[in-house]
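What follows is a pair of complexes built around chain A, which joins chain B in one and chain C in the other.
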Partner chain A sequence: MERISSHQFTLLGSAVLMGTTFLPIASMVTGVAGRDSWLSVLPGFALGIPYGLMVLALMEQYPQKNLLQITEILWGKWISKIIGILYVLIMIYFGGLLLGQLGDMYESSIMPRTPIEMFYLGGLLLVLYLVKSGIEVFARFSEVLFPLIVFALVLNIGLSIPRVEQGELMPLLSQGMIPIFWGGTKIGPFVMEYILFLAGVLPFLSTNKGELLHLKRGLWKTIFLVGILNTLVVLIQISVFGPSETVNLVYGLLVLGKMVEVSKTIAGVESLFLGVWFAALVIKISAFFFAVIWGLKSIFNAKGFMCNLVVGIIFMGIALKFQKGPALKIEIGFVDNYLIFPFASVWVLTLWGMSYWKKKAGVS
Partner chain B sequence: MNTKLKRSYKIAPVLLCISLLFISGCWGKREVENLAPLIGIGFDLGEKPGTYLVTQQYARPKKGGSSGAEILQRTLGAEASSVREAFETVSKGAYRTPFMGSLKVIVIGEDFAKAGGFNDVLDFAQRFAEFRRSMYLVLARGRAEDILNLKLRSEHLSAIYINYIIEGGNELSTFPTVRLGHYLTVLGRQSTAPILPVVKSIKPGEGINYKAEKSGEAEELQIQGAGVLRGDRLVDFLNDDETKGYMWLENEVFNRFINTVDLEETTVKFSGQVLKSKTKYKLHTNNESKELYYQIKTSIAIDEIIGLNKQLSGTEWVKLAKEAEESFAKVIEKECEGAIKKQRELGQDFLGIGRHIEQRDPQYWKTIKDQWEEEIANFPVSLDVKVTVHHTGMSSSSATNSGGEGQD
Partner chain C sequence: MGSWMKMIKELTIRPKGERKIRKSPSYSFDEDLNKPLSGETVKEILSKSSDVVFREFLLQGKERIPCMLVVVDGLVDKNLLDQFVLKPLMVDLVGHPELAQVTLANVIDKTMESLIPGIEVKKISKMGDAVDSILSGDSVIFFGSLTEAIVVGARGWANRGVNEPIAESVVKGPHEGFAETLRVNTSLLRRKIKHPSLRIISLKLGDMSNTDLVVTYIEKIASPDIVSEVLLRLSKIKMDSVIDVGYIEEMIEDNPYSPFPQVAYTERPDVLAGKLLEGKVGIMLDGTPITLVVPAILTQFLSVNEDYYQRAMTAILSRFVRYVGSFVAVVAPSVYIAVTTFHQEIIPTDLLMSISAGRQGVPFPALLEALTMTVVLEILQEAGLRLPKPIGQTIGIVGALIIGDAAVNAGLVSPLMVIIIGLTAVASYAIPYYDLSLAVRMMRFPLMILAGILGFFGVAMGLYAIAIHLLSLRSFGVPYTSPVAPLRIRAFLQDTFVRAPWWALKRRPQLMDVEEPRTNGKG
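After this line comes the complex of A and B, so read on.
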């Protein structure tokens, strides 16, 4: 069986958690938390630590099993099948929507005349190739590209500093802590997307004692790295656009990229950033594709090329259904807030709670 | 070679061919020589109600120019009820496709600004992905069309010339630099009234003397003063001194030339340049009432002294430098007070005082923000200007004749 190292786990996890969260995050949290929204990003991502630790604790207790298989052990065949079907449906639907986002991002920003289907197809072919190559290749792909994604983000943020408006971040905490809390709740779904991927990737992780410690450390690193980067993303957007404009912008970071000028000579670097973000989206879509494949294998023992092809066609169909940008944005928000977040948070918590109770009570 | 590898070798060329489809050039490719780079765009009121005149200034590389940077202008206008429609009309008569990514300046005509509603035309600039928010916004004294059609003696395109003046603005710090992004940010602040620099054409003798090729026609441009907006409607202009006052209070002065020639109470006049400047503000509480207190600290180098008719000793130089500091401080105070007075007269918070109060005391701001427009006229503001004369130039004395040779 394929295995990924703790280092690969950290980078792959970071890439999956990051995805393209940096594109909508500022608009989403600022819409709720206003000027102080940047303060709510890291605490929001921190929700991933207890949930991630719960998943790793379950893995320690039930080695080589994914969360669906653990569900079957703890709750029986039929409940696990229902949860498994829900898991697959959510992941397949959201994966398709993300594929749609890939097309929307390119079409609305730099390549309006290229048929949107070409972006879908291009992204999907890459995803299918990664899925066929296996988790190890996917992890290596992320290892190579995630540092590039981070570099492009930091560069975009750094080069935007000359555009900062005086005093846009002040006053701090003028509305108190409550808006920050609500801002944090907007981050929850991003974390749960990662947790759902984690639920499927467990059998590919090593479970010996030393390695488990590294995995836990990797989890902390993932959460903090992505949390801090996204905090900076929100911070720079509020500093440059002010809270009101930050909420209005669909892809604020892209607008920042378009404002970058180096020595009044170099401009138009946003296309380079977009190239890197393509990789970020491919990683995220691949993660959901993998999760669907793992889910199908656990529930129906379905696997192989035909299975991948069918899932790919469904991804494509969903993306094609949501070609209109605003409708796509609303649908992503709906699935995030009302499907992924409640499903993952309740499932993992209750599963871990039951396992913990059984362990304490000594029930086998 | 195993079968799997053989199959991969067969599939790879097919995949490579398919991947050619994804090269963006296959769809919507645009050759650079077929693009018309838009440099400036102007908006004026149209003759028909509900329309505006959109003047578009394109750059056209000069064939056979001595350097690659030589460009000719192609300025076209169309009256339309939307910006897109105006571009469509102009495109019908042009063989190249307009490219908006190169836009440097948006010029808003005076009548159009006074009529209001230019946020509608700016919507296109902020929505259409080709535009960049780093472009500059300026108000025109008169019509934007006239400014963009101006044939400058320097042979620059008007839009590029305006862009040069603005980008050199830090050397002068006499007018605000407003990019589209900054304007939209200020709109979002709600309590602050946006402000835009004013560009005007200059005929010979209107402040600048030069010999025009065609008598009586303007062939030079100048940015001076600013326009204050309420929403997206121009309510009034600030004169040069009031705009300079705004620049001090907004901490926007980087370098500046400054002189005390207009000060009546001194006989010796000074000119100098600001080396650095910092404006801070605090919100003071006096007997339950609040006051915004500005503190301006400026370092100036004296470049010119007028009216000094005798050689000075070392201690007299020190005394004179002190006198210069006081004179410069008075000039700065006068400029700032002019801006504050104008703000009170207009009842428009272009100085962003409301925003400063919000930053310093958000709780107090919550109590006054709803009636802020009425409060502006009476809200107490005080100033403290501290000038340090950094040095007095390369000479320790002025040019004076020896005693009895023409001296009083």
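After this line comes the complex of A and C, so read on.
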């Protein structure tokens, strides 16, 4: 049985939670919360702490089981099968959309003449290779690449500082606290994507007491690290572009990358950053791919190369259906807000509530 | 169809159990080897070989005992045998009271106790042992019709001696290297680690070559799991001959289809000693100066023992140069292709104009230009490698200067391309291990093709695929990318990209769950 350490759990979790949230987040949150949107990012991500702790509590109670298996124990075979099918459908659909986002990102920003299918294929091949290599290799891949992703992000932010325009952030809280709350709700789906991955990865985590404490700490670190980084991303975009322009720029960070010039030697480094962030998307798509595989194994006991291949083809099909940027963005928003968020928040909360009640009541 | 599939399977899938390679044919004397020992049978088996010498003589004891000394000419020290075996038995001790008591019944014990003054003297009773001993360079004395014999160790043959290894030369550090004789090599190692915990386990490999092999490690520092895994994998090898460690390397590595080396090697006793003290296991083979070291991790291939002989700051700089060099060696041509073909926006205008001016008139796309130049470089490297030194240098000069210059003047390649290829070649020489440098050379081609098709996306894709491959490799159970991933923080900080000063290296690397503290740490 493959195992991942608490350190790997932290970095893998951070990479999955981060994904490429840093690309659309500023546009999404600023659209709702205006110039104070950067204040809503960290509280929005903080939603992951109670949910993450609930999932870890369930893991402690039912070691070596994923959330679908725990559902079967608590709610019976048929309800768990229905939830499992929903889980797989949501994950497979969203994973396919993310693959579409990968192609869209490259085609629209740096390589408009290359057929978009090439990007899908390239990304999918890497995902399949990662899935074939197993969760340990996936965790190690995140362990190596996540620091690079963060470095590229911080570098992009740092190199954009000279373009900051004073006064764009002021006045603070001019609209009060309400927009910040609504801004926070836009972050919720990102958190739930992570929670759904967490639901599947549980059997690969160690459940002894000491390790559990490390996992909980890892969860806190994940949420704060990703929350702070995304806060900085929103902050820099508002500071450079102003709130209204930030809303219009879907991939604002790439535009910042285009504007970078260092001592007349290096310019327009967004293609380099994109090279690194490609890894972020591969990690995120792989996380969903893994979740689908775990789900299929739990429900239908389906596994093996053919199963991976079929899932890969479905991913590709979904990506091909939503090639155009705006349609893709709308679809991702729809799945995030109306499928992932309600499904994960209700499922995990109810499951945890029931398990807690059973524990309290002493029902086996 | 079935036989084709069987053949393809045989060629591509390494068997998990015993690995039988080129089984040796059966011989008429195979059965004799299991029979009781007899001088006459040995003579029958070996008499067709002209290099085997059968020296018959009479021992003048209480009884006259016909004796026969069997040796292989060229594998024994004749002077030693004359002085300390034949002369005492045939001349010096004649009439001596000890010899006067010797009968056929007690000849073996008496000879071992008081007649032959050698160190390596032992009694054997099996035909197979006798033949093995003779062919390995020992001398065997048969006494009349007895079914026991005496083996006298008097091996001696022409050897290269202890020289500095050409492929692993150092500026600061010991200059001695292993030779082709196993015992010389074990003695060189023993001189470095004079501690009883140094274990040297002898094995034999190869049905026909009967090659001596030694597995060496330090008890309580090397992981017992790894030692037993090494012995297990070696025991599975069933080959007719083992001429070099390369034969073994492919049989024991974890992933035979990876271009990356998973077994390290060295020709230097100080390197081997250093690795054993870190908990690794050495495999030495008779007939080659190269010793295998397992388990091997990627970062190990980018560090050299000289790092530990220099001051820490210098070692850090050297390592940094090596890491940068290897990265440049992998990506330089592909980045050039990606930038000139797809991502001109990354280059500031002045530089872009200069590059464009250089490429003006070049009839080939950047990918073809780079591929051609890289292939030419590979040919030059391969041609120069095995040529005598002066000719090799000429090839280098002709290739690099004359052909390169002519190609630029003819407008076939751009000057920047020549610079990039030159830089790539120089950078790849910064990789200290030849096997890793070969792997890097292999990686360059797919990366260039990906860069030519998909620009930076392709380069990133290729690099990530290489990363996934490296992350999935293991060497004897140890993750190949350890201590970076999975992160072993102490090993990572103290001896990976940087080398901490010796006074800070208080513990051994945590590669194999070995937590024995080093004893040289301050306080």
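Going forward, the second predicted complex is superposed on the first by the 362 of 364 C-alpha atoms of A that agree within 3 Å, B and C clash if a C-alpha of one lies under 4 Å from a C-alpha of the other, contacts with A are read in each partner's own complex, and residues count from 1 in each chain.
Throughout what follows, a residue touches a chain if its C-beta (ideal position, glycine included) is under 8 Å from a C-beta of that chain, and two chains touch if they have at least 3 such contacts.
This is a predicted model, so every value here is computed, not measured.
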>> Quick check for you: in the superposed arrangement, does A:P342 touch first (chain B), second (chain C), both or neither?
In response: neither
> Touch check for A:P147: first (chain B), second (chain C), both, or neither?
Replying inline: neither
> First (chain B), second (chain C), both or neither: which does A:L274 touch?
Replying inline: second
> Which partner does A:Q166 contact after superposing on A: first (chain B), second (chain C), both, neither?
Replying inline: first
>> Quick check for you: in the superposed arrangement, does A:V282 touch first (chain B), second (chain C), both or neither?
In response: second
> Touching A:V240, do we find chain B (first), chain C (second), both, or neither?
Replying inline: first
> Which partner does A:V255 reach: the first (chain B), the second (chain C), both, or neither?
Replying inline: first
>> One more residue to check, A:Q8. First (chain B), second (chain C), both or neither?
In response: second
> Between chain B (first) and chain C (second), which does A:T114 come into contact with in this model arrangement: first, second, both, or neither?
Replying inline: both
> For chain A, what residues appear in both contact lists, the one with chain B and the one with chain C?
Replying inline: 110-111, 114, 118, 122, 125, 258, 261, 264, 267-268
> What residues on chain A touch chain B, complex-wise?
Replying inline: 108-115, 118, 121-122, 125, 163, 165-168, 170-171, 174, 240-245, 255, 258-259, 261, 264, 267-268
> What residues of chain C sit close enough to touch chain A in their complex?
Replying inline: 342-343, 345-348, 350-351, 453-461, 464-465, 467-468, 471-472, 479, 481, 484-487
> Can you list the residues on chain B that touch chain A in the complex?
Replying inline: 15, 18-19, 21-22, 24, 26-28, 101, 129, 132-134, 167, 181-182, 184-190, 251, 355, 358-360, 362-363
> If you look only at chain A, which of its residues touch chain C in the complex?
Replying inline: 5, 7-8, 106, 110-111, 114, 118-119, 122-123, 125-126, 129-130, 133-134, 137, 139-141, 143-145, 258, 261, 264-269, 271-272, 274-276, 278-279, 282
